[in-house]
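Below are two complexes that have chain A in common, paired first with chain B and then with chain C.
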Partner chain A sequence: MHANFIDPFHARDSLLHHVDPRVKLVLAVAFILTTALLPPAAWPGYILVFALILAVAIASALGPFFAIKRAFLVLPFVLAALPVLFTTPGEPWLHVPLGRWALTATAAGLARFASIALKSWLSMQAGILLAASTPFPQLLMAMRALRVPRLLVGVFGLMWRYLFVLADEALRLMRAREARSAALAGAGGSSVLWRAKVTGYMAGSLFLRGYERSERIYDAMLARGYDGEVRTLPLPPMARSDKAALLVGLAIVGSILALEIWVG
Partner chain B sequence: MHIAPSTFGGAIEPAMHIPDGFMSPAVSIILWIAAIAGVGYALWRVNRELDERKMPLMGVLAAAIFAGQMLNFAVTGGTSGHLMGAALATILLGPWASIVVMTAVVSIQALLFQDGGLLALGANLVNMALVGSFVSYAVYRIMQRLVGTRRWGALVSGFVAAWLSIVAAALFVGLQLALSGTSPASLALPAMGGIHLLIGLGEGLITVGALALIAATRPDLLGATGGARGGSNRGVVLAGLAIALLLAVISPIASGNPDGLEWVAEQLNFLDAAQDPAYNLVPDYVFPGVANEKAATIAAGVLGVLIVFGVALFSGRLGRRKDAVG
Partner chain C sequence: MNERIAAVEIVDLSFSYPDGHPALRQVHLTVAPGERVALVGPNGAGKSTLLLQLNGILRGQGHVRIHGLEVAEENIRRIRALVGLVFQDPDDQLFSPTVYEDVAFGPIYMGLPLPEIQERVQRSLAQVGMADYAQRTPHHLSVGEKKRVALATVLSMDATVLALDEPSAGLDPRARGRLIRLLKTLPQTLLVSSHDLHLVEALCPRMVIMQDGRIVADGDSARMLHDEELLARHCLSEDSCE
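Let's look at the complex of A and B:
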């Protein structure tokens, strides 16, 4: 089994896939920032933002439910926002008796909680569509255009190249552990400490294999003329249509924000 | 496919990666500035101190930590322990290279796997890359003073460093959620701290196992934090100690007496705060406000449908034209 299922990129010949990665990265961040700036319970704003991301999803040819479904992964974290149901002052909406105490959820608390969950779900869709429509090397290019330090972009790039190799390595280690430790179904083998030790050894050998591989990689880089400087091709110029897409995108999120904050 | 560590364990994992939507924009931006300053300084130090060999090393070890986060072990009843890796990276590479490695891990998780948000990335970098590495380093060095630098000393120090790095990062998450007004401090801090006092034990145990294996096979690698390659980093020890002390002082105060933190939260959430009085202070305004709101919601719905429909039509036509050309 190979870990190439890790790659979130889905090749399609779509409108979104052809947009310049710099434009996509900036617009994704602008979208998430806009969503974050919308006040709580700004339902019309959320609808517009949702329509926008749905439109982008359609333009990606990945199917309208691609991002919607994956964005539900945010649900477990929503637990962290549950207390606002009960701590926001307002009209009582639900009374939960808990033995001697009782929790009272308010309507305002419910609105606040729903806003947090919705915003998170909407923001995640932007990230999903960005990653699914942009090959990682193009994202690196976009980061360089946004002045992320060269050394950091170099480390990102190397990490991406060897991610699959080391993830394969991790899967092999886990398979080997399964094969060695005979256990009844459900029972996890010996004591917790023993299991932790085995996992620790696995992490250690993964680290060592990575370390030794990096030495070989360094030698290979030296052989190809690496002198400590990370060199990259110059950034290609942006097409006029991409510049237009950037302006239109920023104008749309800007006007949603303006509508919601000053009019709504 | 989503590849958070939980994909493999299907179990409770450290709730460390904050998604977008949970933090107020003001808190997110302040933490972004802190992250840029911290990571920028770490990059500068790495550039200055370490030879060019370190670039491939940091890239591959970032990949190894990412892959190492897949490893887990069953604890009991569906819960499992697994690795964040900041302490292991700090002990093996020193604090600055560890910050760069953890920055790569956390950023790739956010960009590609939506494990943590993009606007929240600044906060996640502060918690996992900066706080994780600083606290690990400070605790490791101080513990080594106490228990010695021999094999057992290194293992015990590694365990405590890994454990506390998780607790410190979790308390930071709790503080940030409280400052954003998402979770009250009296709940977020004890909950995050308490759960991660337990989860951190898993991190500690895995880190010890990894260190024991490395000490047995490549003892030369354990010298990195011993001052040989990392240089003297008294400043990092002090910074890590300061973070730990800050948490030790703030957490009980904030959770026992949340008014102070909530006041700061209100000041920071000026946008929300500016919204609420508009509804509350002018009671006459409420009714037309509600009516307007309904009309606005309907209008937004209609506009939204039009946008989506328009884009669908446009993409469809574009696709057909492409087919005709091809």
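Let's look at the complex of A and C:
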């Protein structure tokens, strides 16, 4: 039983998959920054940014809707921005009576809220395309190249490696529970409380197993000379075409931002 | 290495876990260079604990010497380069995101220059027949493949003593056969803890039986494995010690 389905990487033989992971990481961050810095209600800008990410999606051979669909995952988090509907000053658009009080949403607030939702959705697509086109170990290499603290990258690496092992263990536990979740004919199912208790035990057991495993991993690292310092192989050199791609990508997102600021 | 100096010399070694449970009692064991020795015994006999003593992960009272070098704080880095420890669960042994990085881990920490690290990784992976798997993630490998990569992680350190904990656990007969053939090609001194008496017979001319933290028998595998009375006395046959 393997939890491979949680790996976001999708192997394809596409242009995007062949770009150096460092270039992709820098450009994804630049894209998200640019999108975040676009002023509210800068609709033409959003269309430009959307066209850009759509072009990247097409270059990834994952299909144009791959990232668009998955990016809707961000919407529940956008609800956190709901108060801007009512706090942005401007022309009243909608009254929501709440007993003795009333909330007034403004048209400017609505535009702002829609902008935040749209920007989050667009940024999410960049993250999804990055993760889907870059194997995680290469993403770690890119983080090291960008001087993310080595210990942190090391922790990400271990987390990713053992996420699958833990997920496998959880799947096995769940299967064992299923296998013993029998009911006699005519008898009712178990209570919610009881089931919650079983789930609690499972979480506890997973935690204990994880803890014990971490001790064994640490021993295995010590046995091969680990001394508390994180050391890794040197970074591979970057191809000239990748350097060029980086410059072109930065120029594109930079000019979108410059254009918006100049127009706005 | 001087042939007359023992590869492993354990003198009067005792060890108790922090909870007070004694795991090893006055263990004496000498292994010559190139010898292949099996450690057998029931669960909890102290086999794994003994293997962990060999490169100082656990340290008890008494002496452990590897090629004459005392296992002590001041020698610990040299000791760890000499003794390759392979854990029972390859998911504990393989902690890096890719096979390549895992096999390179030991050489990196030994402070070797990059070309030598690359050469050693390639050589060790080829030795265990996993050269094409360098960029794979350990999670995507079968148990047999993981076991072979785990072995490569210590071969790349050029360890002269290999301590393997239950190398055949969880393997199907074909993978087990392949592993035994591979282990037989290795020139290193081998200490193998195992419940798998077929592996012991096929791989190790010498066998040491442990029980309750003590070495209770030491001798020729072929003879001891056919001594029903001896096996039964040390809880190694199916209906013994009930």
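FYI, the second predicted complex is superposed on the first by the 214 of 264 C-alpha atoms of A that agree within 3 Å, B and C clash if a C-alpha of one lies under 4 Å from a C-alpha of the other, contacts with A are read in each partner's own complex, and residues count from 1 in each chain.
We take it that contacts are C-beta pairs under 8 Å (C-beta built on N, C-alpha and C of every residue); 3 or more make two chains touch, one makes a residue touch a chain.
Worth saying up front: this structure is predicted, and the values here are computed from it rather than measured.
Once chain A of one complex is fitted onto chain A of the other, the partner contacts of A:P92 are absent, as it touches neither chain B nor chain C. In the superposition on chain A, contact is made by A:N4 with chain C only, not with chain B. With both structures placed on the common chain, the touch criterion links A:A223 to chain C but leaves chain B unconnected. After overlaying the two complexes on the shared chain, residue contacts for A:V198 are found with chain B alone; chain C is out of touch.
When the shared chain is aligned, no partner comes close enough to touch A:P236: not chain B, not chain C. In the superposition on chain A, A:G45 makes contact with chain B only, not with chain C. Once chain A of one complex is fitted onto chain A of the other, the partner contacts of A:P137 are limited to chain C, with no touch recorded for chain B. In the superposition on chain A, contact is made by A:I32 with chain B only, not with chain C. Looking at the superposed arrangement, the partner reaching more residues of chain A, out of chain B and chain C, is B.
Touch criterion not met for A:G63: it reaches neither chain B nor chain C. Residues 136, 157-158, 160-162, 165, 213, 217, 221, 226-227 of chain A lie at the contact with chain B in one complex and at the contact with chain C in the other.
Partner chain A is touched in their complex by these residues of chain C: 52, 55, 57, 77, 80-81, 83-85, 87, 89, 91-98, 101, 104-106, 108-110, 114, 117, 135, 137-140, 153-154, 157.
The touching residues of chain A, when paired with chain B in their complex, are 3, 5-6, 8, 13-15, 28-29, 32-33, 35-37, 39-40, 43-45, 47-48, 50-52, 54-56, 58-59, 61, 70-71, 73-74, 76-77, 80-81, 83-84, 87, 116-124, 126-128, 130-131, 136, 139, 149, 151-152, 154-163, 165-167, 169-171, 173-174, 188, 192-193, 195-211, 213-215, 217-218, 221, 226-228, 230, 261, 263-264.
Contacts from chain A toward chain C in the complex involve residues 2, 4, 135-137, 140, 157-158, 160-162, 164-165, 213, 216-217, 219-227, 231-234. Chain B meets chain A in the complex at residues 1-4, 8, 15, 18-25, 28, 39-40, 43, 46-47, 51-53, 55-64, 66-68, 70-76, 81-83, 88, 92, 100-101, 103-105, 107-108, 110-114, 117-119, 177, 181-184, 187-188, 202, 205-214, 217-218, 221, 271-272, 275, 293, 296-297, 299-301, 303-305, 307-308, 310-312, 314-315, 318-319, 322.
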